[in-house]
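Shared between the two complexes below is chain A, which pairs with chain B and chain C, respectively.
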Partner chain A sequence: MSVIVDLPPTRPATERPGFLRRLFADYGQELVVLAAIIVLFAVVMLVNPRFISANNLTTIFAGNAYIAVAAIGMAMVIITGHIDVSVGALIGVLATISGTLAVAGYPVWIAWLAPVLVGMAVNACIGALVAYARIPSIVVTLGALSIMRGGLISFTGGTWITDLPPAFLIAQKSVFGLPVPLVFMVVLTVLAALWMRYSAFGRSLYAIGGNAEAALATGIPVERRTVAVFVIHGAFAGLATILFATQLQVIQSTVPPNLELTVITAAVIGGVSILGGSGTVIGSTLATILFATIGSALIFVNVSAYWLRAVIGLLILATVLADMLRRRGRL
Partner chain B sequence: MNWKSLLRHETFLALLLVVVLIVLSFQSDRFFTVSNLLNQGRLMTEIGLIAIAMTFVIATGGIDLSVGSILGLTAILTGVFWQNVGLPLPVAAVAAIAVGTFAGFVNGLIITRFTVPPLIATLATLALYRGLAEGISQARSVRGYPDWFYVLGQGEVLGVPTQLWILAAAAIIASIILAYTRWGRTVYAIGSNEVASRFSGLSVEKTKLALYTASGFAAALAGVIFVSRVSTTRSDMGTGIELDAITAVVLGGTSIFGGRGTIAGTMIGLCLIQALKNGLSLAGVKGDGTIMLIGAVLILAILASNLFERSGTR
Partner chain C sequence: MRNRVLSALLALSFSTSLSHAQSAAWTGGDDLPTNPLACDATPATAAAKPYDGGSPTNAPDRKGKTLKVVDVPKLVGIGYFNATSKGIADAAKEIGTIDAKTDGPSKANIDDQITLIDNYITSGVDGILFAANDPVAIAPVLKKALAAGINVVGYDANSTPDARQWFVNQAEFNGIAKAMVDSMAKETGEDGAFAIVTSTFTTPNQARWIAEMAAYQAKCHPKMKWLETVEAQEDNILSFNQTNTLLNKYGDELKGVFGMTSVATPAAADAVTQAKKCGKVAVVGLATPNAMKPYVAADCVKSVVLWNPVDLGYAAAHVLRAVADGTLAPGATSVKAGKLGDLSVINGSEILLGAPTVFSKDNINNFDF
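What follows is the complex of A and B.
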């Protein structure tokens, strides 16, 4: 990918920018998304107060948590300067594995652990092809997408997995009165955000995404880190699968349509630059919530469901254009 | 660019195609018949038209993910303009193609005027255009077109499927433009180094705008051919076709980073994919199994060509 050098605005060394200015400089896009969510909630609430009923809030936050979890890993991959278009297919495959194990009578912890481990193994192969065979990530994952989508359907015939044991359905449970998917989403987002911001590993991902050659010159093992970030992304895909596979009483053993685009879009709208080197996982989670809110809001203001995608597309476009104008204003 | 390495990738691919054709003709005696091969040509036209335009786009270092949605939108509009608005069918088809071309133009505007990376811009319009198709159609399909309309998608001219002539003409014109015109050299220059191209006085913005518009036009034309071939319109037409087209282009040796690629490579890649799909289905492998194999072929072909080159060029 091409290299973008994002020069900080020049200012006198003695002047330390105020807290708000620093916040906006570091989290500009995240704040835009957050503001959009708040405005949307306020408007729809006025039109239809039932929008903020506990039931609907659970649907919005818990029902889409798996997308947010998958988007965390995707954000890391994109920050490193790569892309993964196969994550939707991977989640479909992992959900089938997990469900099949649960129905076959294995202990539920195995059914939960298996997707995480398999996800890591699959993405280790993808990462190795990207890092060592030097095939562009979009090509590798495009191929992986076909292999997994085709393989899954020809293997299972797209049947439904039913009779899942109740103990397996973790996404339908609560801890301390909060739905489990919500807890997963918040805890994983916070941990990943802190890790990306303060750990040497996290910082090295930004360095690789910003300029891989310079990162190599400073002693960062670029190839190993590339494999590692894909493996971590696989683990997040596995965690997302646990939430996705257990939210209903059945699992359809096919690839959820367009899931990879939803996940990539969430990461990108949340402020992760597709050129690599910038963005945060907080943004991707906020963007997931924004999409979920839009989807739910349309139902509450009585817009035909057939227009849903058009509205979402328009809002994505508006967010992207606003971000571009904001960046232009800053430079 | 070192044309020798280009030649090597395409030669390798052409050899692979020959091997696949031979193996498949041994697998099934129905494969290597004129009628079957012509029919396969019919089936690959829509992807082919899109892949030709996509070759230019990817050669500049860009990408267009919205082509499948533009195809769907054009298909829906053809039906709606004709049946609901009451336009004569030729006018309706041309109007729908005009809208599809405009959709490509909008992509180009977003990418050049607002400097949005192509992947994001077309990801957003992928959702937008498909959403418009769904919203306009309200899940209703339009059928019952007059017989003459099916000539485009189901008929023959001089014993060859009509749309195959269109594909052949498009491929020849496109390869001449890309290989022999100043404009084609500009495409490679932008893909190799956009900043340097701009400083060299090349009209980078205008070229890119034209390319995304052309990509929209190709997808729109493919949409009308699609409708004529399957005799109906549905809003989910063309879903995922962008991945098929990109696979053909990348398999054909066009660098995803830009600066490299030929129409001939894309066409060989396209034929290879279609031959595999058809040959395997004749050999009794289900459609989903072939998708799997195409993915593997994509990775292995790029891996093999990387190993062959061994030159340090990315």
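What follows is the complex of A and C.
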């Protein structure tokens, strides 16, 4: 395993390769995923032009935006060398809090703000246990997963939240003709990507994930940063919850099965190394879009479900192969 | 390298949680023959079949004694199984000699369910009520319960017959299929095209219903067109996205959507509502009334098909009491179930709850589950 910190912008100015080569070196996996999305769109569009109708683009890009938003925070946590398997349960808890406040008559901005703040608070506890008590993050978050999933069902008794006020349902609205979930996804991805690439804080996360001891030796406050990255991840989980809870007219007390795995997978397929130290949030968002596109495409081209795994498996292999060739070329 | 392997594994599991699509031909989870009902209201004639359930080994005489009963549904925390456990509690209160509690996995996972049942066998109970997450996988642990002298009765989702004594059948598959397809034909017309949103193709109940719906539709509404069936897990947002994709793909051709689970049906109704297609695209489905009230009140959904799950739990508790007392023995043709009256024995070792209920604007507010 390499301890080389994969810091995209720190290439010495003396050897400046061409723009395209640098782009490919820094964003190889992201470009491959993007290319897969484009090829898929082109092929399915030829089979059935309705695939690129405005309605279907909304379904693909907005319908899964909450996964992409949650995957931004997850990518940051994984880049820092940790993991969070409790985010699905957290989103379930936050959705119930948000919906309960909305139905109780609180102003909708409170109902939207609450999941973000509670998400940050919950993850501050998780982050502190990971950073200061030095319990591996997978253990802490597995515990949190059970507590939150069990607690949610005990608390709600399994009843669904209905009669949500129309003003609360932000995911069903549009700004400048664009669905809100799409705007959330794009704006948050761009801001997070810039912040991760250009801020000292963002770059320190790559250093910690690459080699925590080396990072500590260079003066990075590893513990504080670890707590902070979990808190930020909690905020993204809260933002994802806003989209998740307002997409339909009812909020269920159960969350989609394996949501945490879906979010982790989006990050990993997008090029975030599960070992920490490399990857971008652009990749995680593109991977979410790729899988949403595959899901829709399979319906449009009438591919039998029994072919689905084969199709996805082939795509994964192609993606991974391209990435390996790229890395081999660079080393 | 570990990273690569892990990503491939994660991707495979990811694929199961995202969408699955299927072309029009139904290749469902089982190859059992279908048995569509008559197109009018003629009831089916049940062929007599010998008892094929199991029996407990050296069960103590429990006649009239208080029974310690555990109810293990597929999962806890959803409206449907809250309603069945309410029915069990109602019956327990009425009978007076049942001490029942509900304890199930927090998600519909067969491994968790097996572990739970195993723990209750060890801790010692008189009776087990269950709704199986997998009919075959649950059989060994239920047989272990029978071998320990415990009375075992299923409801909602069956196991293999010899792994339990009786199964309370909420509605025969062909009965539900008839109610669903008739409701759809009434709303879309005899030549309407429809699609189905289900949980997974291999979920036992849903697979049987769809097979029976196909048979009944071919027999009684031959001009209707079955476009496609899609999977949406037990995931509300995925169900919403899948319904949207169907609306986008077929445009005006699509006249109706069947929701096969209480998660898929409200999500499908929400998709139709948000696409402003209420009245143009009918939604008919299996769902709990509470989840469907907003859509029924908005006139977007006219028919919600389901049996009454409170009655189902209530009947299951009565059946367990009758089995423990010895009043329901192999060869019986009916059983008394309190306020539900006499329920008939079908298929050897099953008790039929009755015809399904179609909830509509007129009656949906009388139900709270």
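The working rule: the second predicted complex is superposed on the first by the 292 of 331 C-alpha atoms of A that agree within 3 Å, B and C clash if a C-alpha of one lies under 4 Å from a C-alpha of the other, contacts with A are read in each partner's own complex, and residues count from 1 in each chain.
Just so we're on the same page, a contact is a pair of C-beta atoms (placed from the backbone, for glycine too) under 8 Å apart; a residue touches a chain by one contact, two chains touch by 3 or more.
Note that this is a predicted model, so its numbers are computed, not measured.
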Quiz item: So, does A:P136 touch the first partner chain B, the second partner chain C, both, or neither?
Solution: first
In the overlaid three-chain picture, which partner chain does A:A144 touch, first (chain B) or second (chain C), both, or neither?
first
Per the contact definition in the header, classify A:L248: touching chain B only (first), chain C only (second), both, or neither. second
> Where does A:M45 make contact in the superposed view: on chain B (first), on chain C (second), on both, or on neither?
Replying inline: neither
A:I153 in the overlay: touching chain B, chain C, both, or neither? Say first, second, both or neither.
both
Which partner does A:I264 contact after superposing on A: first (chain B), second (chain C), both, neither? both
Between chain B and chain C, more residues of chain A are touched by C
Check: chain A residues flagged as touching chain B and also chain C 149-150, 152-153, 257, 261, 264-265, 268, 274-275, 304, 306, 308-309, 312-313, 316-317, 320, 324
Interface with chain C, chain A side, in the complex: residues 48, 50-51, 53, 55-56, 58-59, 63-64, 66, 149-150, 152-153, 156-160, 162-163, 172, 244, 247-250, 252-254, 256-259, 261-262, 264-266, 268-269, 273-275, 291-292, 294-296, 298-300, 302-306, 308-309, 312-313, 316-317, 320, 324
Per the touch rule above, chain A residues touching chain B in the complex are 1-2, 83, 85, 129, 133-136, 138-140, 142-154, 257, 261, 264-265, 268, 274-275, 304, 306-314, 316-317, 320-321, 324-325, 328
Seen from chain C, its contact residues with chain A in the complex are 2-4, 6-8, 10-24, 27, 76-79, 81-82, 106-107, 201, 228, 230-231, 233-238, 240-242, 244-249, 251, 263, 266-267, 270, 273-275, 290-291, 293-295
Listed in rising order, chain B residues that touch chain A in their complex are 61, 110, 114-117, 119-121, 123-132, 134-135, 137-139, 194, 239, 243, 246-247, 250, 256-257, 286, 288-296, 298-299, 302-303, 306, 314
